[in-house]
Amino acid sequence: MDTAYLIQQLINGLTLGAVYALVAIGYTMVYGIIGMINFAHGEVYMVGAFLSLIGIIVMGLIGVTWVPLALLIVLILAMAITALYGWAIERIAYRPLRGSFRLAPLISAIGVSIFLQNYVQLAQGARPKPIAPVIRGGFELLTSEGGFAVTLSYLQIFIVVLTIALMIGFTYLITQTPLGRAQRACEQDRTMASLIGVDVDRTIAMTFVMGAALAAVAGMMVTLYYGVIDFYIGFLAGVKAFTAAVLGGIGSLPGAVLGGLLIGLIEALWSAYFSVEYKDVAVFAILVLVLIFRPSGLLGRPEIEKV
Amino acid sequence: MAVADLNAATRPAPATPFQAALKDAALVALVAMALAGPIVGLQTVDRGGSLTVDARFAEVAVGIVIVFFGRLGLALSDRGLRLPSYGIAAGLAAAGFLLPWPTDLLGVLAIAAGAALVIRGLAGQYGAHRQSKAALATETDEEKADRLRRLFTRGLGFLLLAAAVLLPMMPFANSYILDTAIRVLTYMMLAWGLNIVIGLAGLLDLGYVAFYAVGAYTYALLSKDHGFGFWGALPLSGLFAASFGVLLGFPVLRLRGDYLAIVTLGFGEIIRIVLLNWTNFSGGPNGIGSIPRLTFFGHPFVRNAPEGVVPFHQLFGLDFSPLHRSIFFFYLILVLALVVNVFTIRIRRLPVGRAWEALREDEIACRALGINPTNTKLTAFAIGAMFAGFAGSFFATTQSFVSPESFTFLESAMILAIVVLGGMGSQLGVALAAILVIGLTEAFRGLAEYRMLVFGLGMVLIMIWRPRGLLSHRDPTILINSGKGVRP
Amino acid sequence: MSRPLLTVEHLTMRFGGLTAINDVSFEAQAGHITAVIGPNGAGKTTVFNCLTGFYKPTVGRLTLTRPGSDQSFLLERLDDFRITKTAGVARTFQNIRLFTGMSVLENLMVAQHNRLMRASGYSLLGLAGWPSFRKAEAEAVEKARFWLNRTGLIARADEPAGSLPYGDQRRLEIARAMCTDPALLCLDEPAAGLNPRESAELNALLLMIRNDYGVGLLLIEHDMSVVMEISDHIVVLDYGRKIAEGTPAQIKANPDVIRAYLGEDDEAEGAVA
C-alpha cells in the first residue's frame, strides 16, 4: 500500500475538516444556547463564500495586489457582513417566534434558508463561479517509490493555521470574557440568567453573529481551496457540518472541532479509496449511525429531560 | 417588512413617534444596504474565461429607498399613525406603476410593499375591532360565530368538491386546464399526506419528496421490468415507500424533533444522489423512460390499438380525443387525493390520531399515559410516506418518465409551504393553499425564477403573523355535551 | 399480609457528581395514601421520576405488585411508557402537562389509548367503523364522563383544556391519570397554587380515589394541611436521604423532621434556600 498516498489524503482530509469544524461550531453554539438547530447556517456559510469571492475579485480590480493584505481585508469584510446576516436571521426568523409553538422557528429558519439560496442564485447567477488560485505553491514533503509526491500546499498551511488561531481566540472569548460568561449562563438557564441581569436577547444575537462570522471564514477557505463555488454549496456543507457537530456531541465546542476533523478525514479517505460519488452518502450514514448508537456524540453529555 | 419591531426593545425614549419611526426606517435601510450591497450590487460575471464584477449600484440604491419607505410606513402604522402609513403605501404603489424602474422587479417590489402595508394596516384595524367586540361578546354570539364558521368551512369544502367533479365537463376544460388541475391535485394529495406527519403528529419532515421518489421509481421498475399493472404496482409502491419511512424513522424518531428534520433533509438529498449515480438501477440522470401508460382497466387511450385490444373510445362508442386520457387521470388523482383526505378525517377520530395530536402537544405527558411514542410517531411517518408513494406511482404512470430532476429539495419545500400556509392540521386549509400556491405559480409563470424566493419569504412571514396558517381553527374530534355535530 | 403495592429498596440516583437520592427505601400500600415530604431539593420529584421511568436509577430496586395478582414488575427495568401501560403507575406533573390545544374530553380519551388501540384493531377495525370499536369508544366516553362528573368538569368537557382555570387543570390532570386505570397514582404537588376551597375539594377527591378504588396514592406535597389530613403514611426526605417515616402523628412529633424543616443552624438554612 502506498503510504505517501495515504499521507496526502490525511493532509487533505484535515484541511477539509478544519472548514467543517468552523461551520460546525456555529451549529453547536446556537444549539447550546437556544436548544434548536439553525437551519439557515449552511446558507450563511454559502453567503460568506460568495462575499469572499466578490471581495477577492474586487481587490484585484482596485489594485490591492499584495496577497496577505488583500486576503486580510476580504476576510474582515466577509466576516463582518456575514455576521450581519447571522444577526438578521436571528432577528427575523428566531426572536419573534420564541414564544410560539415548537416547530415554528424551525419552519421559519427553513424559509430563510430557501430564501437565501434563491436570493444568491438570482443575484449572482446559478452557474458555478471559478477563480484563479490566490495562494500558490507548497512544500514537497516526500516522494514514494512509485513516484507519488506528497505535497503540503501553503494554502493548506494557511487554512489550518487560521483555524487554530480562531479556535484559540474563540476559546478565550468563551471562557474569559463577560460575553462568554453570559453565553454559558444562558445555556444553563435562560430565565435565571435574565433575572440576574444578563441581556438574553443580546447574548443570543451575539451567538448567531459569532457563528456566522466563523462560517464566513470557512466560506472564504472553501473559495480559496476549491477555487469554485455555487449557490448550492450551503446545503450539503450544512448537513455535513451538522453531522460533525452531532458526532462530536452537539453543544460541545471541542466536540464540534473533533467532529469536523473526523468528518473531513472520513470524506477524504472515502473519496480516495471507495467512491467520490457516494462520499455524501457515507457522511449521511455516519449521521444516522451516530444518532442510533451514540446520540450524545463523542464528547457530549447525555441530555437529562426536565420533567 | 419581516423585520418587525426591529429595535423596539433597545429603543431609548423617542422624541416623537414620527422621529422614532424615521430613525427606525433609516436603521433598517442601513442594514439592508450592508446585506444586499455586495451580494446584489456586485454581480460576478464570467468574461473571457475569468470572473469579473459588474456593479448594479443604481438598482440597489433604488431597492434601499423602497425598503426605507416600506419600513417607515410599517413603523408609522405600528405607532398608530395609520393615515401617513396609507399615504406611503399609496405613494409606493403609484411609483411602482408610474416610474421608469431600472428593472421590472423593483417596480413589482414597490407595488408589493404598498399592498403589504395596506393589508397589514387593515388587518391591524380589523384585529383591534374584533378584540373590542370580543370583549363584549356573549356566549350566544360565540356560538353563532362558531356555527357560521362551521357552515362556511363545510360549504366551502362542498363547493370545492363539486367544482372538482364538474371541471372536466366544462366547455373551457382544455388540456392545459386539466393538466394544471392534475398538478394541483397531486400537490394537494402530497400536502395532505405530509399534513399527517407535520400537522397532526408534529414531526418536521423535510425530505418528504424522497418517499414520492421511492414510490415513483418503484412503480416505474415494477411496471416496466416486472410487468405489474397499475393496480398491482400502486399498493406495492406505497408499501415500499412506507417501509423506507419505517427504516429511516425508527432510529431517528426516538430523538428530539430537530434531528428528524435534518435527517430527513439529508435523506431527501441522499436519495437523489443515489438515483443519479446508481445508473444500472435507476438509469442515472437520464431516468427511466417509456413506463407503460395507464389504461382504462385494460382499454388504452390510443387512437389505434393493437390487434385484440379495444381502445377506450371504442369501448364507449366515442370519437377519439386526447382529452379522455387527461380526464381519466384527473378523476383518478381526485379519487386518490380524496382517499387521503377521508382517511385523515377518519383517523383523526381514532385513538391513534388523538395520540398523534397529543404527542405533538406534549410527548412527556403521553409517555406518562402509557403511549409508546416511537411506535405512534412511526405510524404517522410511515402512513405519510405511503401516501407519498401512491402519489409517486401516479406521477410515474402519467408522465411515463421519471428522473432525479423531479425530486429535488425544492419539491419538498413547495409541499411544506402548502402545508404551512394552509394551516397545520386543517384539511380544507391545505386544499385551499394547494390551489393558491400552484395557481399563483401558474399565473406568474413569467416570474417563475422568483417562485422559491417568495416561498421562502412566505414561510417566514406566515410563521411570524399567522403561525397556524390560513385556517387555524381546530374542532374537537369527539364531543360529549350538546348534540350538535357529535359524530358525523 | 400480601405484598405491598410498591417496594422501593436502596434507591440511589446520581447526576454526574451530584447524589440526588441516597439509599432510600420505603413501601406504599394499596388503598393507602403515602406522602413523600421534605424541604425543597430533598429529592422528592427525582424519586417520582425514577418510579415513572423518566430517570433510570443508578442503584436500587423498585417493585410494583398489582393487588389481586402475584405478578410483580421491576420498574427500573421498564421503559417509561410501559410502566404506565403494563405496571399501572400513573402520574401527574408539578408543572401541569395537559394537551392544552385538545378538548378536556380528548385529554381523557388519550389516557385510554392502549385499551382503545386494541379495540380499534390497531386502527384497522376503527377505520372500518367496526361495531366492537364503537362500543369500546362509548365505554371510554362513559368512563371519561364519570371522572368529569367527579371532578366537576363536565360542563366544560368540550372546551380546550388550556382554557380551564388553574385549579380545574389540576383536577383534570388527576382525572386523566385515573383514566389509565392505575394501581398506583403518583401526584406531584397536586395542591400547589390551589385556594383553600379547592384544596378541600382535592382532599375529598383523593380520599374518594383511595376508598372507592383501592388505588395506592403516592403524594408529594408541601401543603402540610393536606398531607397531615389525608395521609396514612409519611416518608420524609432531606438531602436525598430518608430521615423519618411513620404516621402523621409520629412525623409531627419527630425532632429530626422539625430540624430539617425549620433548620437548626445556618448551615441547614443555606441548604433549604
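The first chain written gets the first letter, and so on, giving A, B and C; residue counts start at 1 in each chain.
By definition in this document, a residue touches a chain if its C-beta (ideal position, glycine included) is under 8 Å from a C-beta of that chain, and two chains touch if they have at least 3 such contacts.
By chain, UniProt protein names: A = Branched-chain amino acid ABC transporter permease LivH; B = Branched-chain amino acid ABC transporter permease; C = ABC transporter ATP-binding protein.
What you see is a predicted model; the values in this text were computed from it and never measured.
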Message: Out of every possible chain pairing, which has the most C-beta contacts?
response: A-B
Statement: Most central chain, judged by mean Cα position vs. mean of all protein Cα atoms, is B
Statement: Between chain A and chain C, the Cα-mean centres are separated in Å by 47
Field: Distance from chain B to chain A - Cα centre to Cα centre, in angstrom
entry: 30
Query: At what distance in angstrom does the C-alpha mean of chain C lie from that of chain B?
result: 43
Statement: Going by residue number, chain C touches two or more other chains at 54, 93
Field: Residues of chain B engaged with two or more neighbouring chains
entry: 364
- request: Would you pick out the residues of chain A that each touch at least 2 other chains?
  value: 305, 307
Query: Which residues, counting only chain B, touch chain C once they are in their complex?
result: 343, 346-347, 350-352, 354-355, 357-358, 361-362, 364-373, 379, 474, 476-482
- line: Per the touch rule, the chain C residues reaching chain B in their complex are 52-54, 79-85, 90-91, 93, 97-103, 105-107, 109-114, 116-117, 120, 122-123, 126-127, 141, 144-145, 148, 154-155, 157-158, 176-177, 180
Query: Which residues of chain A touch chain B in the complex?
result: 36-37, 39, 47, 50-51, 53-55, 57-58, 61, 77, 81, 84-85, 88, 91-93, 96-97, 100-108, 110-120, 122-125, 127, 129-132, 201, 235-236, 239, 242-243, 246, 277-278, 280-281, 284, 287-288, 291-292, 295, 305, 307
- line: The chain B residues in contact with chain A across the complex are 2-6, 9, 31, 34-35, 38-40, 42-46, 50-53, 198, 202, 204, 206, 248, 251-252, 255, 257-259, 261-263, 265-267, 269-270, 273-274, 276-277, 364, 409, 413, 416, 420, 424, 449-450, 452-453, 455-460, 463-464, 467
